[in-house]
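Here's a structure for you.
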Amino acid sequence: MTVVRPSGRAPDQLRPVRIERGYTRHAEGSVLVSFGDTRVLCTASVENKVPPFLRGKGEGWVTAEYGMLPRATHTRGEREAAKGKQGGRTLEIQRLIGRALRACVDRSALGERTITLDCDVLQADGGTRTAAITGAYVALVDAVRWLLARREIARDPVFGAVAAVSVGLYRGVPVLDLDYAEDSDCDTDMNVVMNDGGAFIELQGTAEGHAFRRDELDALLALAEHGIGQLLDLQRRALAG
Amino acid sequence: MTVVRPSGRAPDQLRPVRIERGYTRHAEGSVLVSFGDTRVLCTASVENKVPPFLRGKGEGWVTAEYGMLPRATHTRGEREAAKGKQGGRTLEIQRLIGRALRACVDRSALGERTITLDCDVLQADGGTRTAAITGAYVALVDAVRWLLARREIARDPVFGAVAAVSVGLYRGVPVLDLDYAEDSDCDTDMNVVMNDGGAFIELQGTAEGHAFRRDELDALLALAEHGIGQLLDLQRRALAG
Amino acid sequence: MTVVRPSGRAPDQLRPVRIERGYTRHAEGSVLVSFGDTRVLCTASVENKVPPFLRGKGEGWVTAEYGMLPRATHTRGEREAAKGKQGGRTLEIQRLIGRALRACVDRSALGERTITLDCDVLQADGGTRTAAITGAYVALVDAVRWLLARREIARDPVFGAVAAVSVGLYRGVPVLDLDYAEDSDCDTDMNVVMNDGGAFIELQGTAEGHAFRRDELDALLALAEHGIGQLLDLQRRALAG
Amino acid sequence: MTVVRPSGRAPDQLRPVRIERGYTRHAEGSVLVSFGDTRVLCTASVENKVPPFLRGKGEGWVTAEYGMLPRATHTRGEREAAKGKQGGRTLEIQRLIGRALRACVDRSALGERTITLDCDVLQADGGTRTAAITGAYVALVDAVRWLLARREIARDPVFGAVAAVSVGLYRGVPVLDLDYAEDSDCDTDMNVVMNDGGAFIELQGTAEGHAFRRDELDALLALAEHGIGQLLDLQRRALAG
Amino acid sequence: MTVVRPSGRAPDQLRPVRIERGYTRHAEGSVLVSFGDTRVLCTASVENKVPPFLRGKGEGWVTAEYGMLPRATHTRGEREAAKGKQGGRTLEIQRLIGRALRACVDRSALGERTITLDCDVLQADGGTRTAAITGAYVALVDAVRWLLARREIARDPVFGAVAAVSVGLYRGVPVLDLDYAEDSDCDTDMNVVMNDGGAFIELQGTAEGHAFRRDELDALLALAEHGIGQLLDLQRRALAG
Amino acid sequence: MTVVRPSGRAPDQLRPVRIERGYTRHAEGSVLVSFGDTRVLCTASVENKVPPFLRGKGEGWVTAEYGMLPRATHTRGEREAAKGKQGGRTLEIQRLIGRALRACVDRSALGERTITLDCDVLQADGGTRTAAITGAYVALVDAVRWLLARREIARDPVFGAVAAVSVGLYRGVPVLDLDYAEDSDCDTDMNVVMNDGGAFIELQGTAEGHAFRRDELDALLALAEHGIGQLLDLQRRALAG
C-alpha cells in the first residue's frame, strides 16, 4: 500500500534535521534544532539550587519549560504570559521533555544544581516536542561539558543519549516524522522517546478517529526506531563538531 | 521469574473492581468506581451548549475534568481551587480522559450538546486515571440513555466501549493494575486505553529509571489487553443491571 | 398558623441525619455526614506545622476548607480550580466552619500542629454549611483521638461539642433545617452554631425580602436550639459507636 | 456591673458620627461617613446594564464592593490589587453590604440599571462594615434622587432606610459601636443591620473565646436597636440637609 | 499665538494646588494633595524590612504603589483587586513614582528600612501621577522626620526636593498642568520630574497624533521648569507649616 | 572630556546593526533585528478584528507585545507565562512599542484590522526596546505590503518611518546606543523615538543617581538624532532589498 505524503517524502524519511550549537551566547548550552520548518531554540541553564523537595540531599535536578512564540504558527496564538497561565498542552509537553532528559542523567553526579532546558518554538510545523527533546539533549551535554571544564563536577552525569520522533498513520500508512500538514490529516499519532541502547523512555500514542490495531502499533514502533537511530547519529556528529 | 507483589496479587490479577451506578442524584450519569482502595466519583452532566469552536456546526462535545480531594491521599495535598490553578498533572489527566471518551462517541449524533465527565477522586491508591476512564464510560452511557429516554436525541451516539488499566514492571516483572505501593517502587509504567474491538486508543508509557526493551513492552501490552477485557465485561454487567 | 413544607416535615423536624465515621482511610478523621440528601465528606488532617503568625508560640491551629463537586447541584457549577479562584460564598463558608470549630478547641493543648477540616459536598440539597460543621466536629474528635492514642499530645484539646443547623421563615412560619426547595422559597434564613452548654458560637441571619421582627427571631432561635440538641445527641452516639 | 471602655464612652454610647454628602464630584452619590476615627468613602455609581442573570427581565441590581487603602490601618496591609485577589474578609463584607442595601430597594422600579456602592476605607478604627452600610445608604438615596431628577425612573425604588452598628461583650459588659481597641479585646461581637421599621435585615454574631448565652444576646440586641435608631436619625438629617 | 484653555487658565498657569499634611493618622506621613479637582491621598509607611535583593546590605528602599478608586473618574472603572491584576498603566505610574522619589534619598542613611508611598486617587481630573509625586515627596519627608524624632536614624536621608508637573501642546500652544478636558484634546503631553537644583529626574513625552519638533520641546521644558518652581515652593511652605 | 566605553566604541557610534527580513515564514512580516549582541525577533500579524472599543468604527488598530526568552539574559529569568503574569517592565515596554508604531499609521486606511507586533528578545545586551521599535517598523511595513499586494487595502496606511535609540551619560559623557555593560554603569539614560521628519514621538529619560542638567539633555538629544538618522537609513536599505 502506498500513499503520497504532502511533503513528498518516503514513508520512512525524516525531514532535513539541523542542530546548531552555540546559537545564543549567555546560556551554558544553546542549540537551535530544526526538523524541516520546525525550529526550536533549546537553552540549558545551570543554577546552584534545587527545588525544595531535593534540598540537602546532595542530588541535582533536570527540568524543562516549553513555550511557543505567538506567531510561530500559521495563525497567531495568544501569548501565555498575557493570558496569565500556561495551557494544558504546554504543561504536558514540558513535563514530557523533563522526564525524557532525566532518563539519561545520574542526578547524584550533578550535585545540588538544577539544569533547566528552555525549549522555545520560533517556528512550528509539526513535531515541536520531539524536536525539542532531540535538541535539548545536545544543549544539556554542552552545559555538562561547561561544568566539567570548570571542574564544578567531577564526573559526567549524562549516560547514553536520548532522542525523539513522531510517527503516525497517514491515510492508513505508517509514516515517520509528521509535519503539520500530515499531522492535521492523521488518524493516529505517536511520540516516541528512545535511548541509544534501543530502549523506550516514553511512548505516547493517541488515536483520533481510528483506534490502532496491534500490527499497526508494531509498524509504527519499527519506524520510530529507524528514525531515532538517525537522530542519535546527528546528535553525535553535532557534539563532535 | 517470580515476584511477590505488595498486594499479594498474581502478576496478571486486577484489584477488586466495583462500579456503582446512580451514586448521586442530580447528574444525568453518576458512577462510583473502585479499583481496590482507589475510589473515583464520575458524573456525566448534559448541557445544551458547546464550546465556541463548535458553535453552529450541529455537533456535540465530550470533555472531562479531574480533581482530587485534598485528603484523598496519604498526606494532604493543597486544594487546587485555593492555589488558584490546576497543576500540570491534573490538566494532563483530564485531557486524557476527554480524548479517551470522545473516541467512542459519534458527536454528530449528539447535537449541540456538551457532556462533561467530572472525575473526582475520593480516595487514591494508584491508578486513578484508569479507574476514572473506566467509570466515566458508564456514566456517559447513563447520560446518553437519559437523553434517549427523553427523546432529545434520535440515535445512540456511543459506539463500542472504552476501558483503561495500568501496567508496569515491578522488580523486572510485568504486573497488571498497579496500586500505590507498587507504583512507587516501579521502574516503568504504562497506562493503556482500549476499546472493545481490541484496538488501542491511548498508550502512555514512561520509564523512570529503567528504559524498557521491546520484549518488555510486548509483555506489558499483553497484560493490559487481558485486564481491559475483564473491565469491559464488568462495565457491560453494570450497565445491564 | 400552619404551613405544609415541601418536604412534608413538621416545622420543628430535622431531616434524617446520618454520621458515618471512617468513610475514607487516609485521613486521621473521615466522616460522611448526611442531612437528608445533603451529603458532605469531612476529613480532618493533622500536620506538624502552623501558619506563620503562630510559629514558635507553642500553640496549634484549626482551620477549614470547603468545596462543592461541580455536579453536587441541580445544574453543573464551574469547578473553582478551573476558574482559578474560590468564590466569595466558598470563602465565607470555610471561614465560618473554621471559627466554629476553633470555639471548642484549646489550641495550647494541641502543640504546634494544624488540623485542617476539608468539607467537600458530594451532593447538595440545602444546609451544606451546617451539615459540614456538624460532621467536621466528629472528624475533629477522631483526629484528636488518633493523636492521643499515639501519645503525640498529652491531654484532649477538645472541650464540649459544636453543632449547627439552619432555621428560616417559610411562608411566615418558622421551620427547622431547610432543604433546597424550602430555602429557595424562604424570606429569611439563619444559620446557628451552638455548643453543648446551650450557648451561641455563631449566628448568621439574613432577610431576603422580609426583614424579621424580634418575635420571629425569638421563635427561630428556639427552633435552632431544639434541633441542635438532637444533633449533639447524634454526634455523641456516633462517637460512642 | 460596670467597665471602663478604652474610649471612655458609656456602654450605650456611639462614637461621634459624621455623614458628608457630595464628598467627590463624579459619582451620582458620594458620601464620606465617619464613626469616630473610622472613615469610609461610599460612592454610588449608576450604570445602564445589569449582570447576565438579570438581562431582559426589566429589573435592576444593587451591589457593593469594599476596599481598604493599604495604610488605612495601624500597620500597612498588602494591596489586594497587587496580591492579585480579594481576600475572604473583603468578599464577605462586600456581600454583606450588597445584601443589606438590596433589602430596601424595589428592584423592579429601578429598570435595567445597576447601582454599585463602592465602600473604600480611608482610615480604619473598627466597625468599617457597619459604617460602610450606614453611609452607603445615603449615597444610594442620592443616586436615586439623581435618577428621579433626570426622570430616568418614574418612582422611588428605595423604601424605608437601613443602618448598621456593631455590639459586643467587652469584659463581660455589652457595649455599643466597638472601636479597634475594644474590638481587639472583645470576646464576642455582633454586627446588626436593621431597617427603620425596627426589623432585622442581617445579624452576624461571632464568639471568639466566650460563647454567648441567650440573655447576653438579648442585651446586645437591645443595644443595637438603640444605636441604630440614632443612626437612622442622623441619616435622615443628612439627607434633609 | 493664543488659545483659550477649557479651564480658562493662562497657558503658564497651574491649577490651585493644596497640600494637606496629616490627612489620616496611622501612616508615618499622610498627605492629601490637590491639583484642582485631582485629589490624591499619599501615605508614607515605614517598615523594618527590605526586599530580598537588598537584605544584609545595610541599605534601605523607597517604593511606591498607585491606585485609583473605582469612581474617582467620570465613569466607573473596574476595581483592580476584583480583576485580579494591576493594569499596565498602574504599574507604569507606580514605577515612575518610586524612581522619582528614590532620586532624592540617600538609601544608606535609611538603614534596612522600606518606605512605601501609597498614592491613591480619590478624585481624578488629569495629572494624577504628577500630583502623586509632588504629594508623596511631602509624605516622605514627614516619615523621615518621624524616624529622626524617634532617633531611629541618625541623619536625614532626604537631599533636595522633587516635584512634577505635566505640560502639553493644546491646539498647538504649550500649556502647563493639563486637566482632564485639556488632556483629552491634546496632541502631545509630557510629564516632567525635576529637583530643586533645576535638574531633570524623569522626562516622559508622548506624541499622540502630532510628533513634536525640537522648538516645541524647548517651550514645553521651559513651562515645566516654571511650574515646578512654584510646586517646590508650595512643598516648602507646607513642610514649614 | 573623553571616556573609554567598555565596548571601545566612540561616544557617537552605534553598535553594528542588522535587519533580516523574512526570518520566520508564517507571519505577514518577520524581522530579526540585531543591535550588536541584542537580537529581537519582531513579527507582524494581521488579523481581521479590532478591540471592542473600535468595533464598527471602520478603523484599524496597531498594538505590540514584548517578551524575553528566559535565558536571553546573563542569568536565567523566570518565565512570565509560568509566573502567571507579565511584569511591570514588560507592560511598560510593550505599551511604548505600540504607541511608537501607531504614530506612523493612518488607522482609517487600515480598515477593521489589527496588526500585532510581537517583539521577542532571543538575546539581550542592552537596548532591547529601541531595537524592538526599529525592527518592528520594518515588520509592519512588510505586513502592510502583504495587504496591499493582496489588494485587501487600497492605500498605504504607513506614513513616514519610526526608529529608536538609547542615549545616556556614561561617566559624565554623553554616549549613543548603550550596551548592557554601559547601561549598568550609567547614571542617566534616555530612550528616544523619532520619525523621519526629525520630530520626537517618545522621549523617556530617567536619572538614576545623577539628575541631568539642561545642557546634558541637549547633548543627549543631539546624539539621539544622529543615531536615529543612521537607523532610518538602515531601515530604508533593508526595505529596498
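Going in written order, the chains are labelled A, B, C, D, E and F, and every chain counts its residues from 1.
Here is the rule we go by: contacts are C-beta pairs under 8 Å (C-beta built on N, C-alpha and C of every residue); 3 or more make two chains touch, one makes a residue touch a chain.
Here's who's who by UniProt: A, B, C, D, E, F = Ribonuclease PH.
None of these values were measured; they are calculated from a predicted model.
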{"item": "Repeat of the A-B interface, chosen from A-F, D-E or C-D (over half of contact pairs identical by residue number)", "value": "C-D"}
{"item": "Separation of chain B from chain C, taking each centre as the mean of its C-alpha atoms, in whole Å", "value": "33"}
{"item": "Inter-centroid spacing, chain F versus chain B (mean Cα positions, whole Å)", "value": "51"}
{"item": "Distance between the centres, which are taken as Cα means, of chain F and chain E, whole angstrom", "value": "28"}
{"item": "For chain C, residues contacting two or more additional chains", "value": "84-85"}
{"item": "Successive chains around the closed ring, taking chain A as origin and chain B next", "value": "A, B, C, D, E, F"}
{"item": "Complex contacts: residues of chain F adjacent to chain E", "value": "85, 87-89, 91-92, 94-95, 99, 103, 190, 194-195, 197-209, 211-214, 217, 221"}
{"item": "Chain A to chain F touching residues, read off their complex", "value": "24-27, 30, 37, 39, 41, 43, 45, 47, 65, 67, 69-76, 79-86, 90, 116, 118, 120, 122-124"}
